[in-house]
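Before I ask anything, let me first share the structure, which is written out below as structure tokens.
All chains are identified by letter, namely A, B and C, in their written order; residue positions are counted from 1 within each chain.
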Amino acid sequence: MRTVDQSLGELAVRFGLVLRGDPDLRVSHVATLAGGSAGALAFLANARYRRQLEATRATAVVLAAEDADLLHPQPAAEPGVHPTAVVSSRALVPRSAAVAAFALVEDGAEIGERAFIGPGCVVQRDARIGADTRLLARATVCAAVRVGARCLIHPGAVIGSDGFGFARDGGAWAKVPQLGTVRVGDDVEIGANTTIDRGAIDDTVIEDGVKLDNQIQVGHNVTIGAHTAIAACTGISGSTTIGKRCMIGGMVGFAGHLTIADDVAVTGCSLVSASIRESGSYSSGIPVAGTREWRRTVAQLRRLDRAPRSAGSRNPRSDE
Amino acid sequence: MRTVDQSLGELAVRFGLVLRGDPDLRVSHVATLAGGSAGALAFLANARYRRQLEATRATAVVLAAEDADLLHPQPAAEPGVHPTAVVSSRALVPRSAAVAAFALVEDGAEIGERAFIGPGCVVQRDARIGADTRLLARATVCAAVRVGARCLIHPGAVIGSDGFGFARDGGAWAKVPQLGTVRVGDDVEIGANTTIDRGAIDDTVIEDGVKLDNQIQVGHNVTIGAHTAIAACTGISGSTTIGKRCMIGGMVGFAGHLTIADDVAVTGCSLVSASIRESGSYSSGIPVAGTREWRRTVAQLRRLDRAPRSAGSRNPRSDE
Amino acid sequence: MRTVDQSLGELAVRFGLVLRGDPDLRVSHVATLAGGSAGALAFLANARYRRQLEATRATAVVLAAEDADLLHPQPAAEPGVHPTAVVSSRALVPRSAAVAAFALVEDGAEIGERAFIGPGCVVQRDARIGADTRLLARATVCAAVRVGARCLIHPGAVIGSDGFGFARDGGAWAKVPQLGTVRVGDDVEIGANTTIDRGAIDDTVIEDGVKLDNQIQVGHNVTIGAHTAIAACTGISGSTTIGKRCMIGGMVGFAGHLTIADDVAVTGCSLVSASIRESGSYSSGIPVAGTREWRRTVAQLRRLDRAPRSAGSRNPRSDE
């Protein structure tokens, strides 16, 4: 048995692992899950041994990310409909699903096997929630929205609110009916208080494996490609298509009717106002400086368009 | 009968119409609503013929925006109070109004004729909701807030939360009571998870016909002029007044205590930190570039305030 | 008796007071609280006289901010559990607390003395709510979150949603379980639709006296120091620590893993992408200009990194 005696923090850094737990804990040797004791570092490489996870006494276990939940299982919701929930007799709720207190499932809605409709959630008429999907609390899934399997929807999210569509009507605005819906793929996560508008005619589409952080706004007829991840507070205007496997920072603004290629990264606080045709990393955020210094910079910036075209022009003019 | 044989898309572009439906459908002739059949383009110009809309067999109908809903009517909510709703005996709810499951209407609240208080909505004490206004789901209308007629309030909106008012009290903050309320005019739309704070002393005012997209923040004592439209994620700091018929893009930030003229447009991701006295279009958003290129630009930007005042100065100095 | 005859507005400006009420009201003399009548300006300097506030007839009273609420008391909620609320038999709710309609208090949750759990609020398993804290309506406090005493939590706030943690797993994302929680100190205010994520391993921490405006996003493992105030729509990425007594403007974006010193001010619409070691005021927001002028400025900005290093270089080149 080889002795390692290293901290978990050191091991995680050295091998590029995501560490969950105390980085100061030390391990001294490698062992099997079943045989591990204090000081042991165990491995789970074969799904057959998953059951040993719960009972292992090893100090740490190296395992695939998708197995990590096995160490920290979410308490499963009891199947069944809470006595205070309201479920339409014209809705489909399988016996394996759970509908919590003050949840509402309207006419024509269909809930998948083992799905969880959390407390205070509203699933409106004809909406469909896939198998094993969990609406944690106080989420709203509007009429006719389709949500795939194994999704996780955080409190306060709204899926299927009207898109922002108005036509000038004299001095006022006439509402353009929003007749499409939202289609959410499988394995999608939608953050707290994020809002996704339904399409005007066609649908808004969130493809498989997309991860949306909190307080994101997705406009009508947007498409977000598979496995794209978007950080909090970003807003995407109507009819923009974002490619697959993109990584979008927080507080990014997308104009409408754009096409963003696959594998694009956009750093936080940027503005995307034109389509991006090539994968790569894009930015327009400006980091802070001292306020006084920054004001001078802004003053100089304003003077740029009054400056001579060529810095070394032969015919200089004072621009003061 | 003149034959046109054009696609709806072509017609919409040519005549500047908002098209709802399949742009590839083709029409070959013009007909009345009653007489229209496949291939017919019909018109609704006189309200007397509205009833024919539902039965027309024309391929497309040209009509005013405000009539378009007739083609796609919202299912009317059944009047009445859902058995799970809680309505104070000291609230006024007319027979024509609908109060949905898990909705709460507190003491002194007054609900207008044919109004809809959706599932999970909270209408707090002394609030007033106008005729034909619909709170779709899980909206909160706080104490003493007034909402006009024919408004549409999307899920998760909060109208009348406290303004952000604190006074320094040694090293801590003392709360300044927020004693005003919010007055929302007629025909206002308020998007999902949008928040509107009550005034500190006077009221926050949203005038008639204003359209607010999702996740907008309106600070205390703000006034938004009639028929102004604001896109998602914009924030308006306290005591700012925005004029009438303005069009504000998404993710715009307004400082407090400003006055913005009528008919002002602000493009997305801009910062408005001073009053705007003249109508026109204003911007300060910077579109993305490649991240590496952008970093060079920012580095050069920082050097601007160290640069010589006149680019063609006779007394050049190296600023390196 | 000295006659002053000044408007409240004039007095407030002259003495730097926060005025609540009509600035045009005039006072003519100074009097005690008990003896004050129309035209009197009274003072409350000694807590012993607080009871006289309610009955005073003085036109205006000068008092400490923390006493101002005494003039405008919030109607106290009746203690007790509303018949429609659902409170687990394994939760602790003292008799002095109030649980409103459609509120849910899950297993193991503990509610403090005189706390108010407003309508539609969800307090999940093992969460703890301190004495005198008020959840106004439709707020969600997730599992195991701790909220201190005398906090005020506005409608739609979500405390303890999962942090945004995913690990690359081939072309997809594997969720990193979020095993920490959120600890909120005493006297904290949390605005409408603000979201605070639970920590991944350690906790997210909001220290005593912090004031958060509406629609703020706080990422996992963030710490916000005591008495810091943050304006609406600001987003703080994971693992960033903000110091004490900071004042952060609206719509500011913080990158992750930063350390911000105590007593830092950041003006609105700025991006903080590196740690700030010294107190002071920081900015990077650019105020709007006319759109046409702004476009020219952006075009010039883009050319900066192609410009000669020294503006007065001896070897000028045309960059056109």
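As a working rule, contacts are C-beta pairs under 8 Å (C-beta built on N, C-alpha and C of every residue); 3 or more make two chains touch, one makes a residue touch a chain.
No experiment lies behind these values; they were computed from the predicted model shown.
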* Superimpose the Cα trace of chain A on the Cα trace of chain B, which carries the same sequence, then give the rotation angle to the nearest 5°. => 120
* Asked: chain C and chain B are one sequence twice: same or different residues at the contact, by the over-half rule?
  -> different
* Asked: Measuring from the mean C-alpha position of chain B to the mean C-alpha position of chain C, what distance in angstrom results?
  -> 25
* Could you list the positions in chain C whose residues touch two or more of the other chains? => 84, 102, 120, 138, 156, 193, 215, 233, 251, 286-287, 289, 301, 304, 307, 311-313
* Structure fact -> chain A residues touching chain C in their complex are 18-21, 64-66, 68-69, 71-72, 75, 82, 84, 100-102, 119-120, 136-138, 152, 154-156, 187, 189, 191-193, 209, 211, 213-215, 227, 229, 231-233, 245, 250-251, 268-269, 285-292, 294-295, 298, 301-302, 304-305, 307, 309-313
* **chain B - residues contacting chain C, complex** => 84, 86, 102, 104, 120, 122, 124-125, 138, 140, 142, 156, 158, 161-162, 164, 166-167, 169, 171-177, 179, 193, 195, 197, 200-201, 215, 217, 219, 233, 235, 237, 251, 253, 255, 265-267, 270-274, 276, 280-284, 286-287, 289, 293, 296-297, 299-301, 304, 307-308, 311-313, 315-320
